[in-house]
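Shared between the two complexes below is chain A, which pairs with chain B and chain C, respectively.
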Partner chain A sequence: MENLEFRFNAQPARPAAGAALCGVVGSGNLEILIRPGDEADACTVSVKTSARGFGKIWEAVIADFASRHPVGGTRIAINDMGATPAVVTLRLGQALGDYTGGAQ
Partner chain B sequence: MNAPINPSRRHSYFEATARNRVAAVLDAGSFTEFLPPEASQPSPHLAVLDIPGAFDDGVIVGSAALGGQPVLVIAQEGQFMGGAVGEIHGAKIVGLLRRAMAEKPAAVILMVDSGGVRLHEANAGLIAISEIMRAVLDTRAAGVPVLALVGGSCGAFGGMGIVSRLCSAIVMSEEGRLALSGPEVIETVAGVEEFDSKDRALVWRVTGGKQRYLTGDCAELVEDDAAAFRQGAIDVLAGWTEPAPSSATLRAEQDRLTSRRQRFAGMRDGLEVWAALGVPDPRQIPIMDRDSLVALRKGLPA
Partner chain C sequence: MNAPTPPAAWDTRRQGRQRRLDRAASLGVAGRQVPAARIGALLEAVIEPGDRVCLEGNNQKQADFLAETLADCNPERLHDLHMVQSVLALPSHVDLFERGIASKLDFSFSGPQGGRLARLVQDRQIEIGAIHTYLELFGRYFVDLTPNVCLIAAQAADAAGNLYTGPNTEDTPAIVEATAFKGGIVIAQVNELVDRLPRVDVPADWVDFYVVAPRPNYIEPLFTRDPAQITDVQVLMAMMALKGIYAEYGVKRLNHGIGFDTAAIELLLPTYATELGLKGKICTHWALNPHPTLIPAIESGCVESIHSFGSEVGMENYIAARSDIFFTGADGSMRSNRAFSQTAGLYACDMFIGSTLQIDLAGNSSTATLGRITGFGGAPNMGSDPHGRRHASPAWLKAGREAGGPDAVRGRKLVVQMVETFREHMAPVFVEELDAWKLKESMGMELPPIMIYGDDVTHIVTEEGIANLLLCRTPEEREQAIRGVAGFTPVGMARDREMVERLRQRGVIRRAEDLGIDPRRANRDLLAARSVKDLVRWSGGLYAPPARFRNW
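Our next item is the complex of A and B:
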């Protein structure tokens, strides 16, 4: 397992729920939990992944997501069981959709 | 359930996640989760083994309504570690059952999807299973029925197979499987000549929902559809009275199981069991639809 921590500047999110969970920690899948964070214009992400050595790819995938969506003021926690970048992006979008009530 | 289900309207229970099942089986919008993911804790044992945990440790517990009746709900997530029961997972189930003893809801709905004990957690997992067994029996003794729904991809095996049979009744789909040792366990221990776990048709003829329905291990056979599980659960609970525990009932059940064991001794395939039950053409059973099978069972000799 590898623990990864990231922080990205992002436009503030407008939460509709106190927390949102998306996905399952199953083979090729992951779960994403979004909660309110401490800084309104930044997003912190902590990843626990079963696949070692993919830190740069995680950083690129999440940085891309944070640049395209208002995710400021959130704390994102991820438990991963080998999801591909496409699945990670899909689940991030779903989780943010639940967290903001569909308004992105 | 009498009207045929339009396949395009069907939401497979087998394929759904635990959270989707909770949303689809219970009254819409009625579910309140206890210890939601943001308040729960992943397994410390998996962390020690360097394996990512799940925030809810693979089980969802909470309160809801089913057909307007208050129920408490447990749903195992089969996609996370095969729905296996670890220490926190088990503690959440036991805690919910103890709450049921105090609150006396109309029922506890237990959506089983599990291979049994989470072996990574060894003794903690085994103790968790024994605590669940005790809690199921205590809940029933308190007059609250515990209804198991078995139709997930991991079925109900090992300790959760025992737990399922300790419940008041089981609602099952053909896709669901229920047994003690799983097919791969039997093959590993006793050899492929004893049981070929790769023979999926054989696995279902021995452990699947149709077999369990014909031998009376499940009360209701439903289609692989969340709405059918919902209706099946409502039907079983309608007018259900949890019998008071008595040694006479236990002895009668013990005698029934003993004579059943003698009757089917030496049989190696569901086909033989169905022939012994009086099914005219056992080879038709695996391709029969649910309604035809239910009609067939009604016509079997008692």
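Our next item is the complex of A and C:
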């Protein structure tokens, strides 16, 4: 297991739900929970992953996501079992879609 | 003036054929039917050292009994054979070289034998002439690689020696035609001897000998993809391809590769594509093996016609019951033909879409990886822009004009590569240099084994979006368009972000959001079938999947 913590500045999100959960913890997949965070213009992300040594790619994937979508004011928790960046990006998009009611 | 010296004889091949038949007759073989126990002796009698031999190895049906018998022949009698065959699928195909019976190989695809083949090349136990695409190899059967002897497989023979190939006709007509009409010997293994064949696929007077094999020939279910293994990411990519390419160009005539990426597209035709109003406007005519994952689209009325290279195990009854869609004989069963279907894929289709293992910055793609020589089968043929094409279609014209402007004198075949940016074990698909170059060095090849050349590729689809290479105007733009969909691979991370953004403004790169695709819909629930059992249900029970795909 490896624990990773990130914080990115981002445009504020407009939540439509109190929280959003997406994906499952299974091989090659991951579970993402989005909840309200403490800072309106920042997003904090904590990742628990079974695959060690991919910190740089996680940082790049989440930084890219935060730059492309308004995710400020959120706290994102990720439980990962070896998802590829493709799956991570898709699940982040799906979770944010649920959290904001489709408005991105 | 000296007259040129005429050759001593003009019929040496015919004489050679008679010599071989005489030796066979001296074995006491009367008529065309040979007992299975005598087939080894027959092969040693009719094959001569140095002969070109075509051992029918297709994608699906295999002349496995004849292959094993040839491999068991005495290498002091039979040696230095030059094998000319499309697929090296069976261990016995490689045994021929390890045992010193054959020494040279011209082929198309080796699949699971790719590792053994590479070792034989490194140990100098085999000389590889070239790795061809199917149609190219068939072409050479009629030019400079005409077989002296061919060993083929059919479903049944009658007493006269007429052959019925069954649905997997595949390469047989091309092989037999080249051999029988150039003084060669045709030997067939069949599963059964019957009084009356359902239809005649090869007439008896093209066949010299046949043997009822001790067991039915092996058939590989190569084209069955279990919908249960299709991922949400593949659904997303399929949605992007349908909206960003199929709909944009109005692609009606096409070929699909055999991966899960294209299986996902097939399973979205009755759902997502129909919802987009595309039924009847895309994917109506195919050069395609009978993919079980196309059953829901056929049943939903999305498909008008399919011509096939070969058949697929378990699809026989379904095909026979859908003769408006598939090519079938008067007997009801399918007639496939690899040579004709490859011709259709080359000239009569507007699009080829398939997957690969590596793509470089020029868009060259290869499935060759270090230590394996697998070949490519039909992809280099169907994934190429045929400059001989002269008929127009909306898709072909639009692609041609995107590349060459409104006054372009020719259209373009759409050649689409569809990949996730990382394969299993986080191996990046996008690379600075293909393994094919290292393979060229280590194998002493004249060319790197590139499957599809970058200048033929028109689009690359990944989970990050679609790169339209037709719209790139410089090599730099092309490189950045490829980097721009290469995700978080090292190649993708090294992109010029500003240039990629400019390409996106021009529509050279399109993301899911640019295409109006909500990622929340990228879900397996969108697939028309989510399991093999669903496919059986769609077929009304006509599809009978092989045991390995039954888990209920």
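Brief remarks follow.
Just so we're on the same page, the second predicted complex is superposed on the first by the 104 of 104 C-alpha atoms of A that agree within 3 Å, B and C clash if a C-alpha of one lies under 4 Å from a C-alpha of the other, contacts with A are read in each partner's own complex, and residues count from 1 in each chain.
Heads up, the rule we're going with is that a residue touches a chain if its C-beta (ideal position, glycine included) is under 8 Å from a C-beta of that chain, and two chains touch if they have at least 3 such contacts.
A quick note: this is a predicted structure, and the numbers were derived from the prediction, not measured.
Contacts of A:93 after superposition on the shared chain: chain C is touched, whereas chain B is not.
Contacts of A:35 after superposition: chain B is touched, whereas chain C is not reached. In the overlay built on the shared chain, the residue A:4 is in contact with neither chain B nor chain C.
In the superposition on chain A, contact of A:84 is made with chain C only, not with chain B.
Once the two complexes are laid over each other on the shared chain, residue contacts for A:48 go to chain B alone; chain C is not touched. Looking at the shared chain after the overlay, A:61 reaches chain C, while chain B stays out of its contact range.
Those residues of chain A whose C-beta lies close enough to touch chain B in the complex are 1, 18-19, 21, 24-27, 29, 31, 33, 35, 48-50, 77, 79-81. Contact residues on chain C toward chain A in their complex (touch as defined above): 231-233, 236, 420-422, 426, 462-464, 487-488, 493, 512-513, 518-520, 522. Chain A makes touch with chain C in their complex at residues 28, 54, 57, 60-61, 64, 84-87, 89-90, 93-94, 97-98, 102, 104. For chain B in complex with chain A, the touching residues are 17, 19, 36-38, 42, 47, 50-56, 58, 77, 79-81.
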